[in-house]
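Once you've had a glance at the structure underneath, I'll fire off some questions.
Naming follows writing order (A, B, C and D), and every chain is counted from residue 1.
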Amino acid sequence: MNRGVVPGGSVLAMAIISLTGVVALLGRFPGLAGVDLTVEAGEVVLIHGPNGAGKSTLLRVCAGLLRIESGHGQVLGHDVRSERPAIRRSVGLLGHDTALYEDLTVTENLRFWARASRVEEAQVPTALDRLGVPSRIHDVAVRHLSAGQRRRTALAAVVVRRPRLWLLDEPHAGLDAGGRDLVDALVKDASSAGATVMLASHELDRTVDLATRHLAVAGGMVVGDHGPEVDHAR
Amino acid sequence: MLADIAAVAGKDLRIEWRSRVTASQVIPFAALVLVLFGFALDANRPVLERATPGLFWMTVLFVTNLAVQRSTSIETSDGARRALLLAGIEPVAVFVGKALAVAVELLAVEIVLVGGVLVFYGAEIDDWGLLVLTCVVATMAVAAAGTLLGALVAGIRARETVLPILLLPVLAPVLISATRAFDDALGSVAVQGWAWLGLLAGFGVLNSGLGALAYGVLLEET
Amino acid sequence: MTHLGYLLVGWGVWLAALALYGFRVVARGRRLSTRVPADRQRWMTTRDRP
Amino acid sequence: MTTQVAAQDRGDGDPTRAHTGSRATRGLGLVVLAGLVALVLLAFFAAPPDDEQGDAVRLIFIHVPSAILTYVAFFTTAAGSAMWLWKRSSWWDITAHAAAEIGVMFCALTLFTGSIWGRPTWNTYWDWGDVRLVTTLILFLLMVGYLVVRSSGGDDPAVSTRAAIVGLLAAINIPIVNRSVEWWFDRTLHQKASLTDGKLEDLTLFTLVFGLVVGLLFFVWAMIHRFRVGWLEHQARAEDLDEALEARRSEAAAAGSSASGGEA
């Protein structure tokens, strides 16, 4: 099975994401109204913009979850129109909702996830440990977890997969101070290991230093794209 | 592939087991329907005996609607549908796994129902082999068609009402065939039970085939 | 003529259904055409495979 | 078929139409009207009563064409469904929907005229032992399900895909339904292939074929109009989307200029 490795191509030399004129619909509403974007390997891209700007929609398109209406592009070397299953298999997405089965325990959820992603199940305790999920709740159904604990579990599911592209939608939301620091550390680790990170966030104070590039999104389009220096100057 | 199927089926069965809905609500519901049919037919033994196969399979169809409804809601709640997509399991494996889980639940209900018709309706079984095979084959067929339609209505807001509108007409031939096969197995009417079993198998194969092909298309239609 | 009642009901309903459907579909077309600008009504005059 | 008829209308010279008619459909419509009048005259006054059925045979002139058109329509729906899934062609999607709507109407009329005919002939409105009757009923229920899915709302291509799968599901299950009902009661009251028996009077046969032709012409007329309605709906949505896109882009432009202004 194709696990997202580009045959014969150097991963570092190519763009991880390249989108041209991408329009994506949410029902009949244009969530993205024509996005052009290229992201190179190893970048940490901060996406910011007002509510309803299209940040989450952009992340969902990059994850291969949304059919695009027009435009074209590639993510991790797979076509965003015709090869969405391959994209979905390769990325790590943390969405608004946590993508966990409510009636399964933390461990069961992650085991299912690991098995589906073709990852050793032995990685599960390590990932949970990394996210500071205490072992006393490993066997508790997700239904009974607090919002912060769910969030950490969902992040652990991303970590288990060791993706080359991390797509984090408001990763700091609902987390305590310790959890927020943990997210920062995860992003730094992923980036230094050569992975690419896109994160949508309103917490500019916290994420400004993490990011190597800032993307302003409004009206379903990219309206500003620059390095971290501008915001530092401000 | 087989491991993926097992993972999906195991997950669904575990969720179902944990919620105890099958054990504590669906099985009592099925038994209740049997008892109520008894009242409706005025506890008339000959009529009940004649009607037993039909009542049995009518009840199974009602339960199928419930089971498929629950199986679908597992994947529609919160971000679970997204989890299934992102996990990257082959759609065929998801389809087979979910259908197997539904089939197992239905078989559990059918075991109770067979006990029920023996006790309440005084049914006598002539041909156990035909009875068991009919149950297995019909259940597989019903589960396959149900799982496909469950995925089909998953994105529809009024799915609780749309599902039976689609499911029950599709299952009409199963009702006819399984009832006739039971007629033979219970010895209530002399018919060619094994020929009916063949028709059931044909239905199962056709609908499983379409399900396996169409399930991925439906999952992709986010 | 025998069975005249059955014949009249059968034919009456059949003709009425056809007429009703015909009127309804034409009315829908009229209502919708006002909403769609002329340059999008290509299907009237050219091959309309999109 | 629709495309060809539409293509002949170039001479109409009416750039802003407010209806789905064209010279061809108006002509066809007049032919259908004349045909229906002729059919009524033929059926009631020209064709002789049947030896066995008496005057009830006059219902056959609309029952049989309705039944044939039902199956023609649903075959079109199945074909359109397959083509939508294969090519994602809106043309076929709209055709499938149009055929299903007209097919459901003819299916209801088939069942209705069938039971009206059955009462004087078989002495019952409904006969469970009749294969074609019961199969047609199940087909009717399946296709009503198709229309329910069509009207259930949601993401547009998703609705088309769901409906297409229902269309194919109906198509593959109908032979099974037919077989199971046939075995269920292996007797049937239905007229067995009366057309090939050769015992029908010439004028009766002529009226039957004439009814079929008139029905077919109505079907074509209705398909053209219904297709155009579907196409207009499609275009209205495209128009709405263009407007929404424009609004969204001007929102982006406003945000972009204010952002660059702030930094300057």
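Throughout what follows, contacts are C-beta pairs under 8 Å (C-beta built on N, C-alpha and C of every residue); 3 or more make two chains touch, one makes a residue touch a chain.
Note that this is a predicted model, so its numbers are computed, not measured.
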item: Result of counting contacting C-beta pairs for C-D and A-D, higher pair; value: C-D
item: Averaged-CA centre spacing for the pair chain D and chain A, given as whole angstrom; value: 47
item: Rounded Å distance, chain C centre to chain D centre (Cα mean); value: 11
item: Cα-centroid distance, chain A relative to chain B, in whole angstrom; value: 39
item: Whole-Å gap separating chain A and chain C, where each centre is the average of the chain's CA atoms; value: 51
item: Numbers and ranges of chain C residues touching at least 2 other chains; value: none
item: Shared-contact residues (touching 2 or more other chains) in chain D; value: 154-155, 157
item: Junction residues of chain B, two or more chains touched; value: 221-222
item: Interchain pairs in contact, sorted by label; value: A-B, A-D, B-D, C-D
item: Chain D to chain B touching residues, read off their complex; value: 85, 138, 141-142, 144-145, 148-149, 152-155, 157-158, 161-162, 165-166, 168-169, 172-173, 176-177, 179-181, 183-184
item: Chain B contact footprint on chain A (complex, rising order); value: 63, 65-67, 84-85, 88-89, 91, 93, 95-104, 108, 112-113, 115-117, 141
item: Residue ranges of chain B in contact with chain A within the complex; value: 3-4, 7, 11, 14-15, 18-19, 74, 77-80, 82-83, 85-89, 220-222
item: Footprint of chain C on chain D - complex, ascending; value: 3, 6-7, 9-10, 12, 15-22, 29, 36, 40, 43-44, 49, 54-56, 58-59, 62-63, 66, 89-91, 102, 105, 108-109, 112-113, 116-117, 119-120, 218, 221-222, 225-226, 228-229, 231-233, 235-236, 238-239
item: Residues of chain D touching chain A in the complex; value: 154-157, 237, 240-241, 244-245, 248-256, 259-260, 263
